[in-house]
Amino acid sequence: MSRLIEYADATPEVRAVFDAIMTARGVADVNNFWKALAVHPPTLRRTWESLREVMAPGALDPLTKELLYLAVSASNGCDYCIASHRKAAEAKGMTAEMFGELLAVVGMANETNRLANALRVPVDPAFED
Amino acid sequence: MSRLIEYADATPEVRAVFDAIMTARGVADVNNFWKALAVHPPTLRRTWESLREVMAPGALDPLTKELLYLAVSASNGCDYCIASHRKAAEAKGMTAEMFGELLAVVGMANETNRLANALRVPVDPAFED
Amino acid sequence: MSRLIEYADATPEVRAVFDAIMTARGVADVNNFWKALAVHPPTLRRTWESLREVMAPGALDPLTKELLYLAVSASNGCDYCIASHRKAAEAKGMTAEMFGELLAVVGMANETNRLANALRVPVDPAFED
Amino acid sequence: MSRLIEYADATPEVRAVFDAIMTARGVADVNNFWKALAVHPPTLRRTWESLREVMAPGALDPLTKELLYLAVSASNGCDYCIASHRKAAEAKGMTAEMFGELLAVVGMANETNRLANALRVPVDPAFED
Amino acid sequence: MSRLIEYADATPEVRAVFDAIMTARGVADVNNFWKALAVHPPTLRRTWESLREVMAPGALDPLTKELLYLAVSASNGCDYCIASHRKAAEAKGMTAEMFGELLAVVGMANETNRLANALRVPVDPAFED
Amino acid sequence: MSRLIEYADATPEVRAVFDAIMTARGVADVNNFWKALAVHPPTLRRTWESLREVMAPGALDPLTKELLYLAVSASNGCDYCIASHRKAAEAKGMTAEMFGELLAVVGMANETNRLANALRVPVDPAFED
């Protein structure tokens, strides 16, 4: 497991990112992902700035974005990401029923992705334009 | 590439599934995925029945389900699936802006999934309850 | 696409591996994988020797090994590998019905693998001993 | 980790699936995968019905199907699935020697899948018909 | 395939990123990845800025970074990325011999990653501190 | 978790490989990966011989090879492999700063791999020759 850098031990550069995260999220501490990522301050800063931009409300609402994030994390089998983004999705309104349906779609997509690959299905011309 | 089984050459068992797909979708022919999957009629039938059930409106609306399907397919790099589900998502209302934001989330999730794995981040107790 | 090294243009080191493959398989030419891999003779040689050892009859018969190879390749979405190992499996006795059932298992495993990950299912004690 | 739903706390809909699993397998309790999946009864039911159909004896015998399932799970790195399907395969006759050879094939396929991708090897015309 | 946005048809926002890429790389046109990504200008801009920062010389030299990028792309089977990053690596000094050895490491890592997963190997205490 | 075979309990065939590993690395015991792999002596032997050959100094120096191994393992999410190859890379000279930059490249490559796949970007003719 990685070393986790706590606020008290962080450099000013790291603290500035931690402060930005805590302010944006209205929380009193950052979660372990950020404490671990603090081993490389430039990646910490860039990742936070990118995440903030990508997850901001836009043509897709924040809950939908969080569902997509969770679906990809579940598909990739990232245990930490599944745990953290499930909590984040629930905080934004994902119900147990919605999580169940998300699971079903992720499972189904992983199944048919392999069927399509295995059968080497040629893309229909109607899908190409 | 796999052999594609056209309706005219299909067995009654396969035709019954093709008919069900065409009726449910209001189309005059099934796309190549189903024609390729018809090499194994039990898998054709089961896949269609599962897909119909999973993608039906529920706690998640059909567009959201299609976005999740597309996100997983993009993350997995299934070329056929990306092409077909992008069309399906567009038919259900996905705009170019929404597709762009979906792309951004898929890319970001794939990036942070690897950062979390690489750093072996321990799951926060707050995510476990 | 990679440069393919034909026998006529190959070094003696590469020709020796090509000869071994052709002899072992009773074919008049090696397939493209080996011609491409010949860009790095040590990897060509080591890969062939490992493959020959791994795929030899043992506690698992050659057809079962080929089915496993095809299942993994289908799961990974390696297009070349799916095409070549499907042919190899057919040459060893895989029927259309067997291929269909293999497809079904690969699809199902990919689906339940994601369900298990997404639900973060704890391993049953009975599976640990 | 997900909440596990025990039989005593399950709804009639969930109990019906648990009963079906226990009867089919001749066991006194279902394993954790099903208890976790019970958070979404439609996915629980559909997954069980699909699994039962896919894993039934057919052109491939039950042991071969279980080996394929295990190989895909190992390739995907699904820890729960590896543990549970290894036990299932052993119950159907997989010996230590067979497991060792399965490992070797899975490892080799993952290696050559990447070599083929990295070299962008064109599919041989002989593999296309 | 995606629509490619050429410079002549691009908005000022997109042109600014294209200009930055062409200047940084000393080329007369951007490659297709950027033309495709231009369908979503915020993702185009953010991706370019992140890439420029990540790939800049640092504790790792530019060739090593490019080799790492190529290795990950080969492992993931991204055809476009393999083609483009192989060219980029060659431009920075990757020889045929270096590419061959990179291939061998990528293949080997993919093999042993699966062996370690399949065997569910516990992490040695010496690796945890 | 797999059974770990200790030297004292190993067959002569397994001990010979353990001895070779300990001699080559100058260590008093092999790490858990090898103890687990000893359940299948032919795979143990072949894997060690392949690894020794692949990781030997060549056109790429040992540190660069170890960085590539770690990058692939991080990308694949193999927890054991990340832990063991991070230690191995540090022993060969990887600094915290180098690890941070490696992380950044792995994350970025995983992000852009998915963007390229999702956009189905056609390979530039300039990358094909």
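Per-chain residue numbering starts at 1, and chain names A, B, C, D, E and F are given in the order in which the chains are listed.
Keep this in mind: a contact is a pair of C-beta atoms (placed from the backbone, for glycine too) under 8 Å apart; a residue touches a chain by one contact, two chains touch by 3 or more.
Keep in mind that what you see is a predicted model, and the values were worked out from it rather than measured.
K.L.:
Expressed in steps between touching chains, what is the minimal separation of chain C and chain F?
P.N.:
1
K.L.:
Could you tell me which chains are in contact with chain B and with chain F alike?
P.N.:
Looking at chain F and chain B together, the chains touching each of them are A, C, D, E.
K.L.:
When I count C-beta pairs in contact, which pair ends up with more: D-F or D-E?
P.N.:
Output for the comparison: D-E.
K.L.:
Measuring between mean CA coordinates, which chain is farthest from chain A?
P.N.:
C
K.L.:
So which chain is farthest from chain D, going by the mean of the CA atoms in each chain?
P.N.:
E
K.L.:
Mind checking the centre-to-centre distance between chain B and chain D? Centres are C-alpha means, answer in whole Å.
P.N.:
Distance between chain centres, rounded to whole Å: 21 Å.
K.L.:
Using mean CA coordinates as chain centres, what's the gap between chain A and chain F in Å?
P.N.:
So the centroids are 27 Å from each other.
K.L.:
In chain C, which residues are in touch with two or more of the other chains?
P.N.:
Each of 1, 39, 42-43, 46-47, 50, 54, 75-79, 83, 97, 100-101, 103-104, 106-108, 110-113, 115, 117, 119-120, 128 in chain C touches at least two other chains.
K.L.:
What topology does the chain touch graph have (line, ring, star, complete, other)?
P.N.:
Graph shape here is complete: every pair of chains touches.
K.L.:
With touch defined as at the start, can you tell me which chain C residues reach chain D in the complex?
P.N.:
Per the touch definition, chain C meets chain D at residues 1-2, 4, 31-33, 36-37, 39, 43, 47, 50-51, 54-55, 58-60, 64-65, 67-69, 71-73, 75-76, 78-81, 83-84, 86-87, 95, 97-98, 100-102, 104-106, 108-113, 115-117, 119-124, 126-128.
K.L.:
Hey, which residues of chain C end up touching chain A in the complex?
P.N.:
Residue list for chain C touching chain A: 74-75, 77, 79, 82-83, 103, 106-108, 110-115, 117-120.
K.L.:
Okay, in this complex, where on chain B does chain C touch?
P.N.:
It is residues 39-40, 42-43, 46-47, 76-78 of chain B that touch chain C.
K.L.:
Would you tell me which residues of chain A are touching chain E in their complex?
P.N.:
Contacts found on chain A: 1, 42, 46, 50, 53-54, 128.
K.L.:
Along chain F, where are the residues that touch chain A in the complex?
P.N.:
77, 96-97, 99-101, 103-104, 107
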